[in-house]
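What follows is a pair of complexes built around chain A, which joins chain B in one and chain C in the other.
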Partner chain A sequence: MQKSLHIDPDKCTGCLQCELACSHVNEGVFNPAKSRIKVFNFHDQGRMVPYTCTQCDEAWCMQACPVDAITLDAETGAKVVSDALCVGCKVCTIACPFGTVNYNASTGKVIKCDLCGGDPECAKACPTAAITYVDANWTGLDRMRQWAAKTDAGAQAEA
Partner chain B sequence: MAWARNVLRVNLTEGTCKNEPLNMDWAQKYLGQRGLATKYLVEETDPKVDPLSPDNKMIMTTGPLTGTCASTAGRYSVVTKGALTGAIACSNSGGFFGNEMKNAGYDMIIFEGRAPEPVYLLVENENARLIDASEYWGKSVWDTEEGIKAKHQDPLIRVASIGVAGEKGVKFACVVNDMHRAAGRSGVGTVMGSKNLKAVAIRGTLGVSVEDVGAFMQATADGKQTLADNPVTGQGLPAFGTQVLMNVINEVGALPTRNHRDVQFDGAKNISAEAMAEPRADGKPNLVTNAACFGCTIACGRISTVERTHYTVAERPQYQIASGGLEYEAAWALGAATGVDDLDALTFANFICNEQGIDPISFGATVGAAMELYEEGAIGDEQTGGLEVRFGSAEALTQLAEQCGQGEGFGAEVGLGSKLLCEKYGKPELSMSVKGQEFPAYDSRGIQGMGLAYATANRGACHLRAYTVSSEILGVPEKTDPHVTEGKAGLVKAFQDATSAVDSTGLCVFTTFAWSLDDIAPQVNAACEGDWTAERLLEVGERIWNLERQYNTAAGFTGKDDTLPARLLKDAAKTGPAEGLTNGLDKMLPEYYEVRGWTADGVPSNETVERLAL
Partner chain C sequence: MQHVIVGAGPAGVVAAETLRKGDRNADIVLIGDEPEPPYSRMAIPYVLEGMIEQSGTYLRKTEGHYEGLGIQYRQGRAESVAAADGTLTLSGGETVSYDRLLIATGATPLSPPVPGLDLPGVHNCWTLEDCRGIAKLLNEDANVVLIGAGFIGCIILEALAKRCGNLTVVEMEDRMVSRMMDATAGGMLQRWCGAKNIRVLTSTRVAGIEAASGAGGDKAVVLDNGETIDAHLVVLAVGVAPNIGFLEGSGIKTDHGVLVDQHLESSAKGVFAAGDVAQGLDFSTGEYSVHAIQPTATEHGRIAALNMLGQNAHYKGSLNMNVLATVGLVSSSFGSWEGVAGGDSGVAVDEDGYKYLRLEFEGDHLVGALGIGLTDHVGVIRGLIQNETALGDWKERLQENPHRVMEAYVAHSQT
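Right after this comes the complex of A and B.
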């Protein structure tokens, strides 16, 4: 069963543990500057929002890559950059409508979320479950459950 | 590893920025941050120096864990000789600035001299340079931070700056980073202003590594679990913030009220965590959300709004925003200490403190002193410009916040701090301070140990040097009776030593509601070279405490300065569980000197100096 990263910004405190975990597993150091997931702080509204690659089915980054360095991991659904093939041309960073593929000047390659091979560290590191890794076909399950719980609750209580 | 092993030395007089290796022998003895920067200050400056002279130095410093994934590991401190106190100052801040400094490859930035004209420091990894700050001089912290990010077209830059108050010499100006996190106390921002240094802007992309990654990931994961499982750090602080204390401390009769005339505030419930969660007239509560500093899995921070029709913001859309909201100490100082229970007025005054870089504790407490001076007739409309500075006046509070933030009007006199203000108007006894620094939010008649903690705190009255409230009220790590003096000397020493160590790691002291040094040592040990046990951390903490004490002794402080205002020693608490009590400092202090291994005059004895290898 394929899974997706699922983000609930309401639960995010802006602690950046996701960025720390991401940079640690991918770069071997704690370095938010090299994280594939970023938390945005909309200060004046008091909102913190994590954002990363959604692993598009029709992945524009993958389509755009002239050297086929981005390939589909059939098991996880992730679009994965091969460092051996990437030439750092950055066309994918332009092609991605969401900005989630970025160039890493210190290696000359691009970096993007690869779902950590199916066990994403950001989700494990998140202390408030703002980032979870759930069934890709049921990313709305929790929200459905919340609404379901409210449906006709009064009538049942009376019965 | 853990330490970047690199110091940036900025000579503001000469306009130079130079790298030098961190003294690793000192790092093994003083760990980092508070301890290590104090060692540098002691070695490089004369303790008798005027805090505002170019010969004083200001050190921004991280700990070895700063920038790692340990929970709360984003702290930095500003160490200098305090403008408010003339004593050693070390003010600790969260937010995201400390992590950025470490990621740029620096354990410390040492500022020397004084720039001929206003400047800011821009650091991009190994590249550091001073830049003309004339376009920001006269601007607020908020405008400076946004302006620097816009100018360099880099929203990821982190900025620590001073507001107008720090430029104008307000004695309790702070250094504010990330809009509303502050190295708040003792006037470290005043020192920064005296150096014509408006801001420090950093972008760091180098990364932070640790000695034994496997052990570190395990130790930090264990630590996070302990924080999550603890009722204070796992539930109370995220839900209510430090404001969880307002009603608790009021009920135990230790909430200093109206300049410490009283120990309980009838308006406490109106300015409490519970009040912040209540829907207002507009249907929304004051509290928008909780927020974390870098790496923090507790997330006690408050983000709040002022009700849009409130007189303070109705005509001023720039303040109709969410920003850093009331923490307990600020809510107490702006509220109970002044007798004001208008939550929106407090939230607004707190915004101004953040925007202009003033310490809300010393500011609110000094306004409380000014109100007593006014009501006693020692000052009048001539001094206040017609403003009725009476207890309970929200108008006086918010107007004085704006004036003090700009260093003008009667607000400039409030900016002297309560000690100089009360001396100036012939009522020195009305200053509720130790070593020139105003008390925070715990009355030592109701919590006896805090009296000793305040009297002996190296940076002047402070709750963060030995938070015996934890034991005396909350029962952590074990409950002691808040109304007795017995055993408090040892308790205060234990808290002081442990806290000195925690403040030197890069971690937040709030973790110690759940963590003991036994939880912290494995994290430090895995990150750092050397063998770091809880016992060694405690020894390092005791060494740091004595080093700070030696600095103050050399600066001219004596045992006579380890005292409390007469009001706390002679006027008994009038209400509540502590009714009839004064603080029994005279019973605790001699015993404290003894357990410290100090002389009867409060000077570290030769044996103690030798034992601690000072």
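Right after this comes the complex of A and C.
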């Protein structure tokens, strides 16, 4: 059974433990700027929204990569960047309409969520279960998927 | 069903793979005209700067990828198409029959109309063969002149600057990357290059290249202002034009490129076109344009293939966009970045920090953007434009501070 990250913004307190855990495990530094998950703070509404890649089926990043550096992890469904193959051309960063692939200038490579190989640190670090890693079929991914489908209308086939 | 694809760049390769996914039994022939595995021209600068080997440019890295999918990859150069007969003739006279043909022949570099281009050490930077020729002359003592500071020129610029002794860039337009940058952005790029000891001459034309015998190189690049620059290596990047010459007399309609409808089908039934050679629907303008960019090539390739399979896939048009690093300064442009009549804009400029973001709106929709120094979440600009997201009160906030664009996106997608 494939699992996916389920994000419930209503439970997020904005503690940023997810960002710290992500940057520490993936980049070796406690630096939210290098986190692959990002918490957006809507002060006026008192609302925090954690946001990261949904590993969408369209895989815009993977389709756009000119050097085959982004591949599908068949086990987790994650689209994974190979540092060895990535040349840092950044085409995936503009191709992803969700804005979840970033360029890391210090390494010259792009970074995106890879679900930590199936054991996402952000979910483990979240103290309020705003981020959980659960079976894909019954997560509340619907909203993201709907959004994906809407975005899809821009440049995808309607076949 | 016999599917023939001419051109083994990203559009051709994605099309071949999509065809195989949709039809296990079809015959799929992929024809490339270079003696290399299918590769990415985009990755050539990274070979030049020594980051990757030539094999790092290959579009697919798995050994036996094409054979494994039953895709026949062969070498050949298209000479002509007889659409009424369903045949393609290759140079040498061989004819190949097809039921469905995909033209994905890409583009060829243009040459500036000046004498001396045939001198040794004057190269385009388009093919792996060009790359090998340039690499031979590129070393820390080399004086290099790059002619053209457009999009391709600027990508090559970075690689040349890292490897050569002295680099001069000559651009005839009044700014760098004039097709994706306004004066503010182009000026910022030029200032940035200057700070890195790269001389960029804009509004300057090359009058000719001459043989020379000075210590500065065996060539002299003569400029229209009378100045002469010695060089060991001259690299040309003045633009490209779609490869449509072989379609002359075929009856297939062409303009700048092969004209295709929203199914990526040409005026000849059963003949499709994709990628840099195709002139298809532009999402932003509603007009038909050649968008010679990687995302369009792969999307074209996939949608053309679905239609070759008979699946009636409809393309909503491609969004012109680019991302570029010029000696480390990242720039990007999307859609109608120059703005639209009656539209509004939001601009943030930080000249000292080399940061710039210009957003262009039509009503409360984002229709274009231009950025310098942005590396995080830039893709949402595409998302917002393509979705035609009604920004509501976020439009005003973005006009005040364009850098809140990701927040605007999250606010609309997650709440």
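Some notes on this structure:
Keep in mind that, in the parts below, the second predicted complex is superposed on the first by the 139 of 159 C-alpha atoms of A that agree within 3 Å, B and C clash if a C-alpha of one lies under 4 Å from a C-alpha of the other, contacts with A are read in each partner's own complex, and residues count from 1 in each chain.
Heads up, the rule we're going with is that a residue touches a chain if its C-beta (ideal position, glycine included) is under 8 Å from a C-beta of that chain, and two chains touch if they have at least 3 such contacts.
In this text the structure is predicted, and so the values were computed from the model without any measurement.
In the overlay built on the shared chain, the residue A:67 is in contact with chain C alone; chain B does not reach it. When both complexes are overlaid on chain A, the residue A:15 reaches chain B alone and has no touch with chain C. More residues of chain A lie in contact with C than with the other chain of the pair chain B and chain C. Of the two partner chains, chain B is the only one that A:46 touches; chain C does not reach it. When the shared chain is aligned, chain C comes close enough to touch A:87, but chain B does not. Legend: residue contacts after superposition of the two complexes on their common chain; A:127 is shown touching chain B, with no touch to chain C.
When the two structures are aligned on the shared chain, A:31 is found in touch with chain B, with no touch to chain C. Of the residues of chain A, those at positions 45, 47 touch chain B in one of the two structures and chain C in the other.
Of all residues in chain B, those touching chain A in their complex are 67-69, 96, 99, 103, 156, 179, 204-210, 213, 217, 224, 228, 238, 288-297, 299, 303-305, 321-323. Within the complex formed with chain B, the chain A residues making contact are 13-17, 20-21, 23-24, 27-34, 43-48, 106, 125, 127-128. Taken together, the chain A residues at the contact with chain C in this complex read 9, 38, 40, 42, 45, 47, 49, 51, 60, 63-64, 66-68, 85, 87-91, 93-105, 108, 143-144, 147, 150-151, 153-159.
Residue ranges of chain C in contact with chain A, taken from their complex: 10, 14, 40, 42-43, 46, 51-52, 56-61, 283, 294-295, 298-299, 302-303, 306, 311-319, 321-323, 325, 328, 330, 332, 334, 375-383, 385-387, 406-407, 409-411, 413-415.
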